[in-house]
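Just so it is clear, A, B, C, D, E and F label the chains in written order, and each chain counts residues from 1 on its own.
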Amino acid sequence: MKRLLVVSAHAADFVWRAGGAIAHVTAHGGEALVVALTYGERGESGELWKEAGQTLERVKAIRHQEASQAAAILGAEFLALDLGDYPLRMTEEAVERLRAILVDFAPQILMTHTPQDPFNPDHPVAYAITEKARQLAAGAGVASAFKTIPPPEFLLFEPHQPELSGFVPNLFLDITPVWEKKLKAMEVFASQAYLQRYYAERAEHRANHARRISGRKGIERAEAFQRVLPQVVDRL
Amino acid sequence: MKRLLVVSAHAADFVWRAGGAIAHVTAHGGEALVVALTYGERGESGELWKEAGQTLERVKAIRHQEASQAAAILGAEFLALDLGDYPLRMTEEAVERLRAILVDFAPQILMTHTPQDPFNPDHPVAYAITEKARQLAAGAGVASAFKTIPPPEFLLFEPHQPELSGFVPNLFLDITPVWEKKLKAMEVFASQAYLQRYYAERAEHRANHARRISGRKGIERAEAFQRVLPQVVDRL
Amino acid sequence: MKRLLVVSAHAADFVWRAGGAIAHVTAHGGEALVVALTYGERGESGELWKEAGQTLERVKAIRHQEASQAAAILGAEFLALDLGDYPLRMTEEAVERLRAILVDFAPQILMTHTPQDPFNPDHPVAYAITEKARQLAAGAGVASAFKTIPPPEFLLFEPHQPELSGFVPNLFLDITPVWEKKLKAMEVFASQAYLQRYYAERAEHRANHARRISGRKGIERAEAFQRVLPQVVDRL
Amino acid sequence: MKRLLVVSAHAADFVWRAGGAIAHVTAHGGEALVVALTYGERGESGELWKEAGQTLERVKAIRHQEASQAAAILGAEFLALDLGDYPLRMTEEAVERLRAILVDFAPQILMTHTPQDPFNPDHPVAYAITEKARQLAAGAGVASAFKTIPPPEFLLFEPHQPELSGFVPNLFLDITPVWEKKLKAMEVFASQAYLQRYYAERAEHRANHARRISGRKGIERAEAFQRVLPQVVDRL
Amino acid sequence: MKRLLVVSAHAADFVWRAGGAIAHVTAHGGEALVVALTYGERGESGELWKEAGQTLERVKAIRHQEASQAAAILGAEFLALDLGDYPLRMTEEAVERLRAILVDFAPQILMTHTPQDPFNPDHPVAYAITEKARQLAAGAGVASAFKTIPPPEFLLFEPHQPELSGFVPNLFLDITPVWEKKLKAMEVFASQAYLQRYYAERAEHRANHARRISGRKGIERAEAFQRVLPQVVDRL
Amino acid sequence: MKRLLVVSAHAADFVWRAGGAIAHVTAHGGEALVVALTYGERGESGELWKEAGQTLERVKAIRHQEASQAAAILGAEFLALDLGDYPLRMTEEAVERLRAILVDFAPQILMTHTPQDPFNPDHPVAYAITEKARQLAAGAGVASAFKTIPPPEFLLFEPHQPELSGFVPNLFLDITPVWEKKLKAMEVFASQAYLQRYYAERAEHRANHARRISGRKGIERAEAFQRVLPQVVDRL
């Protein structure tokens, strides 16, 4: 029974990149919390702004509703920090809020974006905030003056252009059993039909990779992740 | 119940670098096979050559006896290919013999040296032989004209000077429960008392690292490995 | 009017990975020559070996026929060196044969596999043969005792698992105008229906990447390449 | 007819590193705009400070005059943001000013310094400002709430100590036809005679490299650049 | 007679990581100045906080006393900037204070932490402050408007988990002659007995590495460093 | 009084790349031995082949004479192995001959080419032969059955296109005092006047770099090297 914390730069990122992992954790009785640092209201809501008379508040409200609904389908709670996008800023306040959430939720697994992304100004900032908050929440592995949590596993999820973002997956998760949930969660974002298809195909490609790597024939859909810290195990 | 294949460039390498992992696998009912490509008879048996009238055959016999005994303590089978050391050569025959062993033993886990080592001419060759044999044994993940095995996990064990060999551990194994066995296996190599102490201390250092990474207080001895291929899992 | 030389480790590689580029060159009045180092008769013709009484010669003949047909659809000439696969070997003869072809054909563009591929024992060898032949054919940029050609541009094509093969694309080619030809060439390999779909989807994904990188809306299918040597241009 | 935007940390950088490229673009009917983030008034104007009674304002005025004159020789417009040097600071205001310039000028090509430079505190900051402004100006390739421009090509120019700054050129530009202009622009900086000679020789060395890479004998002077983003082309 | 400046993120770091180097310099008549950016009062003083009624000021006072005593044993002066830990912040003031110290002390050798450390939020910030201050203090190697010092050699000391912090040693210092002083300095930190043993063993391991690299048998204890900038020598 | 061994792929490489270092060692009473693996008779003697009726033996004789003369000017002994160029081959015999030379000469410093060079097929092979011979000559730092020498320092010299060959200098040698000797040695290769000028200018550029790195104003000519193994020192 694991607790998973997903830090999403914009409101929809968690669905495309980690929807299967979230559904997996909750399907096995775990808890998942999605923290969206921003709604992506300026940089990734262009379709909504095509409506005449659109306002910032209304765009945020729509994005909040969509993301909450998608999270619910995946069995996760959704929390929006509304820090402002394009650009998202690395501030002490942002780090502190996320640190407090980390200490409170005490996840076994933490996920976010890659530290590089030449096609998105906010994803690397989301990484920086998360990485700093993680280190402050877990301490340096020695006794400290403040409350710390056991260090969570730290995973990066797949960016849109993996090679150009320095992403090298070292963990493939078989999401075949929860695929229908991810599909439904993606369908919530009705205005982004192309991405639904893109990530559906991507899940099949990653499954093909995973089958070749492992020899396990039954994998039909997979998600790719990059584990940042060493695993510590008591069995090989 | 796993099968573990360890490819050791010289007769003693497997004890210092993977003794705990071997003992772990066999302690849990698995099988371990150690393949020593050479006896290290020329490059790493200097103490034996200090005896007057020493011969190559006698050095090899001593090394065989020691390595077999150490393997037995760890619960593993020991097989020596006797390919000749300093230099070990990357030949088609070496690759073919190891490929056949791989197909026959069909391990779930395969371990060997790092591809770089500026202080050992044979370790990178052991890697090259193992990597080629692994790829031929497992095929490219598609149907082929020859018998293939499911691709084993592929781990590199810790070299003597990790940073200079490009070794970045991403897997720490808690070997606390089997520590006594590793210690006994190391003691077999009586002439290398210094290394016994070195690797005993190293196991404590790696345990310290593993405790800080994971927060698990009970780890007293650990071994470090670098997983080469992505993990494929069905649970986070 | 360019001359393009594609070095393919096995008989079908060039279609999946560079079919669009080949069709492009020939559609613009250029010449393309595909050199298959092997037929992939052992490692990548498993479907054919399922037929009772199958023989090596017959497998090679079928592969030759298919690859020639696919090359013809793309407008390219097909030449098979039949060096033997799984493992393909880096020999002086292989290098010398390819060097002679390079000097004779004098391509402006040369393409082959990536130097790393953890899931294919032959692709890195194809790279090594090609890289050595290229250097011998072009010389070191100074006068020499043998005939040299102007150094061709050197491109790597996309491997099956790009990130794990160290592939970082720095060139996207819009293959929209020749897509039908690539599709037809892929259909020649009837027993590999899955790969047809995989690479058709991949072409759309790479087009999506290329659109985002360049802002050019009209790109519907693309191929990704990694240019190895600097470009030398007389206009930005 | 291209538009080129060059972001120069200090007033003279653009001449040594990109003078040929600028002259090339303008010689072919394109427009070039040089944005100097600072005058280099503190860190790189030491010769001027040797005059008794020198003032900051006067140093800036001299640097402005010199840089404007050099830009004019190259056919470029010169704009100084006067953000203060040693240290140049990465501020939201700096990013926003450059973003606005980018959206307004809408260049097809954008050039700046490398992200690393162990011998200059301001060059990496100039990169950081430019990279953030670029991403905000171009968006993430999807519709957004603000005006975006088609993503420009992004080039880094040659730093003073290339290898120590992680610079690996992948683009050589033949500047032979515009060499006289670059030479004249360099001569404007009368107090830096050594650098005139240094970069004149460097242009010949890069031409030597370019000739060896390409086989084109006619290249007598060249500039080296590192293209950061993939090229998207419709012809090989 | 060298001057050595050591920048330590927290009060005790300099002892474990550079105690031997400091004692070496002072034993040969040089001067050493330790600048502790923080006391590590929150993140690395947990033992002290176990006392009932503990206060921040008292923790800092104890840490100040211990660090001063350890520095004195090594022959160094100790200066605490008290910038606040967990998190240490990269501010203009911090950079300016360290720059002024650098210009004033004009060290030939400068040491600090690695730019990466996944298990300590403050070490990379200490690096960033030091690196910026170093560049501002030394200028870009050309005449400038402010006082500069000859560029010091720049060394990184060994982090707790070297491979995970990107540390690759390229300098081993034989600290055998000053070992007793380092041991005594470590003993000052009575509450951290484990680390005394850890770094005592580490010194022996690094000596083993240094003996193998150099063939010098007499090295019994060593410290490892990574030199960041090229050496400039007038003899090989 | 040092012994320096320089392994040169072709007959002239050592002059351009290490002439200053050689002259330095011999000027200080040390010994230098240049081992040319080949004469560069096919790949780098094109000017000689322009003479009518030229023969391989005569080309080799001329190259032998020139290289011997240049070595003599630098104070070094010259030994040619005549292994054949374009391509130079990595054979056991080549390694064994160089290993024997290493054990016999027992240099404190060993120099050769970089492991990568996209514009020269023989330079990486020269590295591979040298690296293997070095490891066999020095052993793994433990007692062995054969005679070993103390491990020499291992330096790579500057390739023609440094960045494209992965060369990152970490050692600059001031060759000002021996510059005249290097110049004379270069002039021996009369047919390569361009390279004389190229490397004379390069020596000034590297001196400029070295001055900026170190602040030492007196450096007028320098050579750049990459030290491969850590330094082991007993003084900072």
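Remarks
Here is the rule we use: a contact is a pair of C-beta atoms (placed from the backbone, for glycine too) under 8 Å apart; a residue touches a chain by one contact, two chains touch by 3 or more.
Quick caveat: nothing in here was measured; it's all calculated off a predicted structure.
Between the two copies, chain D and chain F, the Cα superposition rotates by 180°, quoted to the nearest 5. Averaged Cα coordinates give chain A a centre that lies 37 Å from the centre of chain B.
Taken residue by residue, chain D touches two or more other chains at 119, 140-142, 164, 169, 209, 212-213, 229-230, whereas all remaining positions touch fewer. Contact topology of the protein chains: irregular, matching none of line, ring, star or complete. Across the assembly, chains come into contact as A-B, A-C, A-D, A-E, B-C, B-E, B-F, C-D, C-F, D-E, D-F, E-F.
The part of chain D that touches chain E in the complex is made up of residues 41-47, 49-50, 59, 86-87, 89, 118-121, 164. Residue ranges on chain A touching chain C, taken from their complex, read 119, 160-164, 167-169, 194, 198, 201-202, 204-205, 208-209, 212-213. Listing the residues of chain A that touch chain E in their complex gives 92, 95, 132, 135-136, 139-146, 228-230. Across the complex, chain E is touched by residues 2, 4, 21, 24-25, 28, 109, 138, 140-142, 150-151, 169-174, 209-216, 219, 222, 224, 227, 229-236 of chain F.
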